[in-house]
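The structures come next, written out as structure tokens.
Same chain, two partners: chain A is paired with chain B first, then with chain C.
For the complex of A and B:
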């Protein structure tokens, strides 16, 4: 790996301030997935596999075109196919590119106990540093989108990196580049939100999708991957996109109040022991052989 | 009880240990960057061979072309400067690296004789000579000098030519020159652009 570095703004398992945080301004990068123009060709799946040199994952067949039920440690980008009945009895075929959402407030990073195993760069990309990963799998429980996947051989967890190698060198992510229908877009978060809102308005005003909207869930602080949906009131229909994702309360409780209470208890114990030692000296054994001091 | 020097040192040590456990980490806030695997790779422009759309691709090859190096393909992706696909590729095109680095890729000419049930290896020279011989034979047998009304037509109806989407302008120019000079009428190309 290169010794060159990227500035980070969040570090997992890291107590205290993050040195250098907020010292440089940088645009947040964002992927926009327009599910209304996705044709389910899976070019993004293959581009991801090819760019990341991932070993091929076994595909499964479950009566849809979907490659496999969920993403895997060696399959980071999955098109989910869903048939949704409409009110008039016809069907709508919904396709959604499922991958890491690169949350502004990542549940995986909050849950991770290993210092620096999960970082968020200043451009918003959430990246796993496998050399620091201890394989505990807490990130899997912390993720509201079911994205990080454990590799039983290496005992590490893997997921989409938003092509941080390409983005840091001025390229776009591999999946975005491949998309032949132009349903995937890449740019700054502001630009992508503009584009998404424009497209949603177009869908509402000209295409009869009254509930069309943008999926950028505030429960995780917004995401680095946003969707344009035909029906933003029912994201669950798009292969289980959570309507209001948030970091699990257990992770929140454990990582903020409980953690500090635990730290305080430990510190208090140490201080107490030290003060006791200074005030009373070492423990003396009365009924026996060895009496150290006094 | 006044703290002695010894007590002060003990207290400092305990405090330091506590601080390091409870998190005063002075390590810089940087994370290692993933290396860009095509950073210094050689770029070769090419055309996707699969369908008739003829998307432009860039083949990234390890090595800078130095004498002692046998280059190998590390990545293939769309050519953003190509007017047809502007960098995009379909799933088949995206997997072109698997097409290039494939043990089942055909690297030599083969021939399947009439009535045979298998492909046999043939040397390039033999293949070209044999094609020439068959072309000559077919053309001699099917050349039409005058049509039914007596108009001079000079056409060869027994041979057809079809090109592929990866053929270049220059190649197609030569193909048309050669085929027209033999009187071919049935000239086609798979590409639809």
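For the complex of A and C:
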């Protein structure tokens, strides 16, 4: 996606220094999703598809108001509808806008082996660069929120860009623009955190939601999308929002100690091959064996 | 709306019932959320389903559809019994103190006094105030007032019974026949036990809601405000009008009408429904809510005498009786309609107006077509087969019509009625109706104005030209009119004058511009007109500044008096885009233009106490300014601007009483001066208040073989309601891939317990059958609709969205069932507004 005026702070599969890294501090951008004022109108879903020129999908009825089970390569923003019974016999109908969380410590980026296919800008947006994507799908494994999706036709992976093209021009993301109730807010991470905490306090003090709180999971270094939840102790109820998301251990291992081990192993292999060559010379092919094989 | 969308942000308490704004008015609903976010306002949602509105409410009560009067009546009782009422407001601003004639009877047996079973109508002469002056502290008294016409006021009554000039009253509200005592008596029967049995709302939940809603008047508090928000969930019942009346009574009791954050607020279902209503969308109204003439109105005088009310009030009080100006509105309307052909000599062409001799409401039109007396139909801006009840009857009716003209942007079910499901190719050949399908411009391809729920007229520009051969509606209508007029010119006719002499003063007669029409509606001076108070003059030919300038001497013309002021000499007020809001109350006086006279909250005089001081100084709308001896404020005062509070001029200036009506006297409504709970025409139980009078006694059932009504005995044992979804807009959006993606198929919402009983799982197909038809669709099995205990019996409700039919993207590809939901609904209407009972009829549910 657009990198017009965005500066990069992390690059996938990249060795060596990142151009411009650390030269300038930029505000982290953040979406605040107040699930307590979401009415599930899906304006954000369509705004996302229209702004990003994504083709409409053919869906089928699935016993729910939810448009489809999960995000898709052409559907980056999905409201998850969850009927949640309460102890007193009444119920809640929880609606949560699901999309890329733009983790400060993105598992997708960590997992991606292709140089520059996933970048994180200095404002915190995590963005896929499809022209560099090799379609390996490691990012899908690396994401603790099950967000990136593979397009079998183009053999590339897609997800929410946090409208990096709009944001780079000083606009809010398309979903925020479309939200009719003001359940979605956009601003700096600090401001959004303040607003979210204030709202959570109001919910605790005036609306009887004792466990109201803000979802900004530390396991991924905090996120560029934060939620106000009626019950922050039970994020799973909101369509499987993980309570303690983190980058899968396999990805962590691979990208940190195992990466060096792997490099070491590869280097060792090369050294071994060279030594073998020096010691024994080139491998000679015996005619008999060759004939047997063919 | 008495108030407006933005004004909802000023409230402390919301009762949302008969509406689902989060789903059907998501943009306006932001103000409800604002009230919660900024004022810690509470929201109570009463709905047969746990909707997306309920999802953000503080309390949701599941109600049996069609029993809202029982619930609201229970609230009225609770408010009175617990003194959660606004006493001063009640005494001074409502007819609580008025004494009702001897002989008036409450409907303990289901009938008010004066019922005639033969005609299914009421003689309303006892539904009237007693004449007589101050009865405070005196029992009895209140002499019976003589009244003209003992047969009640129906459309044919030449001289209707009148309200007495000098009303008997008791300001202590103790007189046994004063409105307040009768009200208390009427709703004393609506106990929490009764409410539970009828509505299915458990008593503890009812108590919670009643306590919460009336908490704004706890301990005599007069500062807090509550609003009631509703939509077609209230109107689409055989007692729809009375449901809204009950809400009005409750709001008057609590003193919430006229105040910022208060009122009785109808959320209109389309961008311009309010405009359609204002401009005579109903057969019994002319623009600006003037009543239509009937055949007994043999002259303009007789007509004006019938429709112009006289003040009726306690002696010492004043009443502005604004409808007293009716002759000015009516004559100016006739001048707009017939221009120079309307003269003093010919009664301002009164005879050119059609005289409406009977009911021509929606279901009557289709009934008449089915019976063969209506030969053709113009269908513009609506999908007639789909939107009315009993689609099958509508399709059958169109088969019998000679011709049908449909102006639409898509081929719709109405223009393709001849290939509706079930019609065989042979049968198709037999259909002789000629169908003309005219491609019209869409809303974004037209200019003009929308009038929103908040009564704002907002001008819009065309975003792009209509594609291909599409034409503007007004161009099509104009050309048809000119052709008809040509025929009358050539061939004459029985009465050509109304057609030949209709004013058609447009620059391009074949394609009138809507700005010309809007100016015509606003009205202009035909001669120099002088305002007697200010001596200002509006010169002949100039646009009128407001309806205060209208005259009954033919010197002004005006297409719709309430819109006068929308397009003045200063330009199109309805196109204004000022975003200043000096009061912070969201009045935005320079944004668009709100009828009447740019007033944003109706009855806003009632936002002040008797002395003219705001009940809540932090939400000041208007107030009496002693120093300049004038009413002033942020909003336009809904009052005589120089009326000193000492005059005790009533704040409800459109009522001849000057006060709000708890009791609706004589002709105003057909079915009773107080609302009474009646069961829907198709109901699983007999009325628990009076089993022998279960339904609304004045509701008429149609009588063709297709007008069938089901009973539990026939196996129709499940209550069905119908509604719209956020994701779709009526029957249009199934032609748009984005909406089809969001909700691709029709479905039936089924309570999980019922699904278990019937043996279905989510996504499996079910057949829903009513006495009139059946549909097949997939089941959405949900816990959001629970089984209810109605009079101790387990009762189920199901719900069906209305959006699908037999034309659309998925329909054309054969991907969805062909299911016009209104195949199921009955041809029964509210007796006052003639709105069909789409919500609350009986069906059976089977596995397919």
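Going forward, the second predicted complex is superposed on the first by the 259 of 294 C-alpha atoms of A that agree within 3 Å, B and C clash if a C-alpha of one lies under 4 Å from a C-alpha of the other, contacts with A are read in each partner's own complex, and residues count from 1 in each chain.
By definition in this document, a residue touches a chain if its C-beta (ideal position, glycine included) is under 8 Å from a C-beta of that chain, and two chains touch if they have at least 3 such contacts.
No experiment lies behind these values; they were computed from the predicted model shown.
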Kindly classify A:43 by the partners it touches after superposition: chain B alone (first), chain C alone (second), both, or neither? both
Please work out whether A:153 is in contact with chain B alone, chain C alone, both, or neither, and reply first, second, both or neither. neither
Pick one for A:180: touches chain B only (first), chain C only (second), both, or neither. both
Looking at chain A, does chain B or chain C touch a larger number of its residues? B
Could you tell me if A:207 is touching chain B, chain C, both of them or neither one (first, second, both, neither)? second
Name the contact category of A:165: first (chain B only), second (chain C only), both, or neither. first
Which partner chains sit in contact with A:95 here, chain B, chain C, both or neither? Use first/second/both/neither. second
What part of chain A is shared between its chain B contacts and its chain C contacts? 41-43, 45-46, 49-50, 180, 182
Residue positions on chain B within touch of chain A in the complex are 1, 3, 7, 10-11, 14, 17-18, 21-37, 39, 75-78, 80, 85, 87-91, 93-95, 97-98
Interface residues, chain C side, partner chain A - complex: 22-23, 26-27, 29-30, 33-34, 36-37, 40, 50, 52-56, 58, 60, 726-727, 737-738, 740-745, 747, 761-763, 778-784
Touching chain B in the complex: which residues of chain A? 1-8, 11, 14-16, 18-21, 41-43, 45-47, 49-51, 53, 115-116, 119, 121, 127, 129, 131, 161, 164-166, 168-169, 171, 174, 177-180, 182, 263, 266-267, 270-271, 273-274, 277-279
Quick check on the complex: what are the chain A residues that touch chain C? 36-43, 45-46, 49-50, 56-65, 67, 83, 85, 90-95, 180-183, 199, 202, 206-207
